[in-house]
């Protein structure tokens, strides 16, 4: 990448693009600090979908008439946008899915069911979201393969020293890891895991659901084999995500969902599969959602992912500094330079539900729970944490409000 | 159902709700006669989704804060709307999927993979859309079960006389049929198939993707076990559909996709599944799409499904009368009173692509192809047909334009 | 009254800060654990019956949860002591909710009634009292 | 010129109504079938080589398709006769498209080049000429 002038991001003017911030909650403006669960949507994305429905909507691919051609062009254009976004070689490697979860299930079922067996090992990390944990556990269970964990240290970073122990006495076939942890924000050394996976002849599956909104994701640089995305985390609509997969692998794989659009020829005796990527896209696709997904990628692309990452890092650094001064607070996760804009924490003795509830009464929205990471919660020996997460529309005052709110919680329930 | 005054539908005023009709194509107004592939969207649906994103958007279920509660309420409210729409007993029986195709795959994988084996028989009809054919063929293949076909007669109606022959020498486990054929509009006697399936101890799976937009669908009256829907066919957004399933069956089934939201507790050793319907809803759901789906159901509900059915029947009767006068035309399918607003036809010697292309030049959009029904095409010994399909916004002039267009095609290419 | 005062009214805070019946019972006549799948909170309930075996003599609970769930379970222990097993097995959740007396959103409702659900499971296991499906499955995890 | 005239210009209609090279070849030196997965159209191509084996002597085609695909395949038979196997194996689709000379949307493009693809498959099978993956898979269905 060329060296460019330092990226800048004007969160206040970005914020004006997001209609959700125009209303008040409990008589106060909204501090939405839960973007790691799902991001808000800018007008540009909503406009793109509406315009699509109003002027270009039809079912795609088979229609001869103009409207169907327009719709197909928009849908395939969105695929091209995603292809560039992750720096893939070809749009044939981009499969539209419902979200990252389904993308990961597609790999687990379609690759896993047919390639795993007794003696084989699937390695996941203790940091995984359930969506990159449970599918592997389930398919390993069905096929007789074994599931093993890369553990984390107390700072929430992967323990990579004993990887070779982990590999002992088994045939590693899959390594699955998230790029950024949604619970504690850790940025994982995916390149290193890919190299290790490939040394063992295993495939490397990357869950980039939480990374893609915050930093550039480049499948060539990561040298992985599969990568999963969700639109709704990066300011796009719900109902759509994508799987990138290495073509040689996708070509050898069985399809997952079956039905319309993914076939070549159907007879009673036998069905043959269509070409990539259609082989994996059964039924009517998330057409308008794909258009919105692409509009969101364009939107965050215009802001600049480097700028977004820097903005979040400034916020996290600042927030962490002020939060650790609160008496009895415990924060989880690595230092700011190795994490995305996510802070998980607990206030000693006060349940996260109460923290989140009291903050909400002041219009500050954070998440409280296990964040779909129960293995990680067990590791830290808690049932739940509070999580504040930042995004391109987060302004510094929201951190003030968060910190003030936490002081108030302590006064009330401490 | 109580006897009510004859339903009325004012297609012209309904049409004004659909922004797509405000533009021109090739300098002519749009006659959109491809609603069987996907319906256009009224402003009311687009507004509902936009308002949701602008005022109530957050990820659902786990958030303690107000915005998340609002979003959850809207999402679960949509589930309630669908529950009433199909007359299900409980919202626990309504599972959000991407579309009908995924709903059918869910049943084929989750029920089929674990309940089918050698000696078992899966029965589908020759009328099926690939989405209710290929999943069964694939899962039957994986499990060693056998796939058998209920054939159709020359009018495109199921041959039910020899059902018992079909059952001979095998253990019927699944009967899968569409309620309305998307290719030729046949309305199938699902109640009768359900009774037959249950006599044999089989489950009855109904693909209602094409029925639900056009006539009331009542899972109690149909007495089926599973039923699949797509939002985009009934004026709702893409990216969402639903599966209704009988609770006793759903409860005994393994999950399909795995990940966030569908679990109860995850440990390295073992994961337990959440309650219905969440057990089948891994990952972030199609939240805004569900809201739009419900808005579409409300919309067509206000117009009235009986009124829609009657309107389509008038159009079909009229169109068929005029079309059969065209020299060399072949139409497929049953008489108007036993079909939905769908007419498949061929103009002797002229390829459907050319027919559709020439009609498009006059702003008339019809579909040409196999309509994802290759087994049916083989039955009629054609590679493709033309298909004109009508919906609540179709006005009689569009039939004039269609018929005129067909005459023109004959002049040009005949 | 502010929203805060409504939600965390004095009696709730009192039960939260000084929970009644908090602790473990060594030789319980009935016992169950359960958890709220939405937040992962876990509660264990211990019951001892009176000599006739038909009455709840004492109830204790352990585990951790939010103020609402802790306070609600604490109130529950006071509410059920001395009442008959059958009566409590059938106790509508509304009775507990009335006692709690604060507006609850669906997600907080699950916190408030977790203890009651686990108590019903404990009675079901020890006495075979009916367990409506609303309450079933809470204890499914004891094996993990 | 109207859009109709553009799309169905005279030469297209002529080839469509009077296709050249339409028919089946009994003892073809090379042969393949293929289909357009989007519309289900099927085309069979038959080739006979000259005595040296390096040149295309004759080409015939059968199957059914739309005006565009029929006309394009008909034009193709005229275009390739007498040319070398290697040359046709490498023939860029643009050359055929230029000959067709009408604006094609992506979906009609597939109709237009189906015959060319099947021809390339036939040469590949008979002569082992390279088959770029753009053309692969067209004949996958011959088993069904």
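Chains here go by letter, A, B, C and D, matching the order in which they are written, and residues are numbered from 1 within each.
In this section, a contact is a pair of C-beta atoms (placed from the backbone, for glycine too) under 8 Å apart; a residue touches a chain by one contact, two chains touch by 3 or more.
Keep in mind the model is a prediction, meaning the values are calculated, not measured.
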Pair of chains joined by more contacts [C-beta pairs], B-D or B-C: B-D
Chain of greatest Cα-centre distance to chain B: C
Intercentroid distance (Cα basis), chain D paired with chain C, Å: 76
Inter-centroid spacing, chain B versus chain A (mean Cα positions, whole Å): 31
Approximate Å spacing (C-alpha centroids) for the pair chain B, chain C: 46
Distance between the centres, which are taken as Cα means, of chain D and chain B, whole angstrom: 37
Shared-contact residues (touching 2 or more other chains) in chain B: 26, 62-64, 263, 265, 267, 353, 357, 368-369, 374
Residues of chain C engaged with two or more neighbouring chains: 38-40, 108
Complex interface listing, chain B residues touching chain A: 19-20, 22-23, 25-26, 30, 32, 34, 37-38, 40-41, 46, 50, 53-55, 57-59, 62-68, 98-102, 104-105, 108, 129-135, 137-138, 147, 149, 230, 232, 237-240, 255, 257-263, 265-268, 271, 282-289, 353, 356-357, 359-360, 364-369, 372, 374-375, 378
Touch list for chain B against partner chain C, complex: 61-64, 69, 72-73, 263-265, 267, 269-270, 272, 274-275
Of chain A, residues touching chain C in the complex: 26, 351-354, 357-358, 361, 368-370, 374, 377, 383-384, 412-413
List of chain D residues in touch with chain A within their complex: 35, 37-40, 105-108, 137, 140-141, 143-144
Complex interface listing, chain C residues touching chain A: 2-4, 7-8, 13, 16, 38-42, 64-70, 108, 111
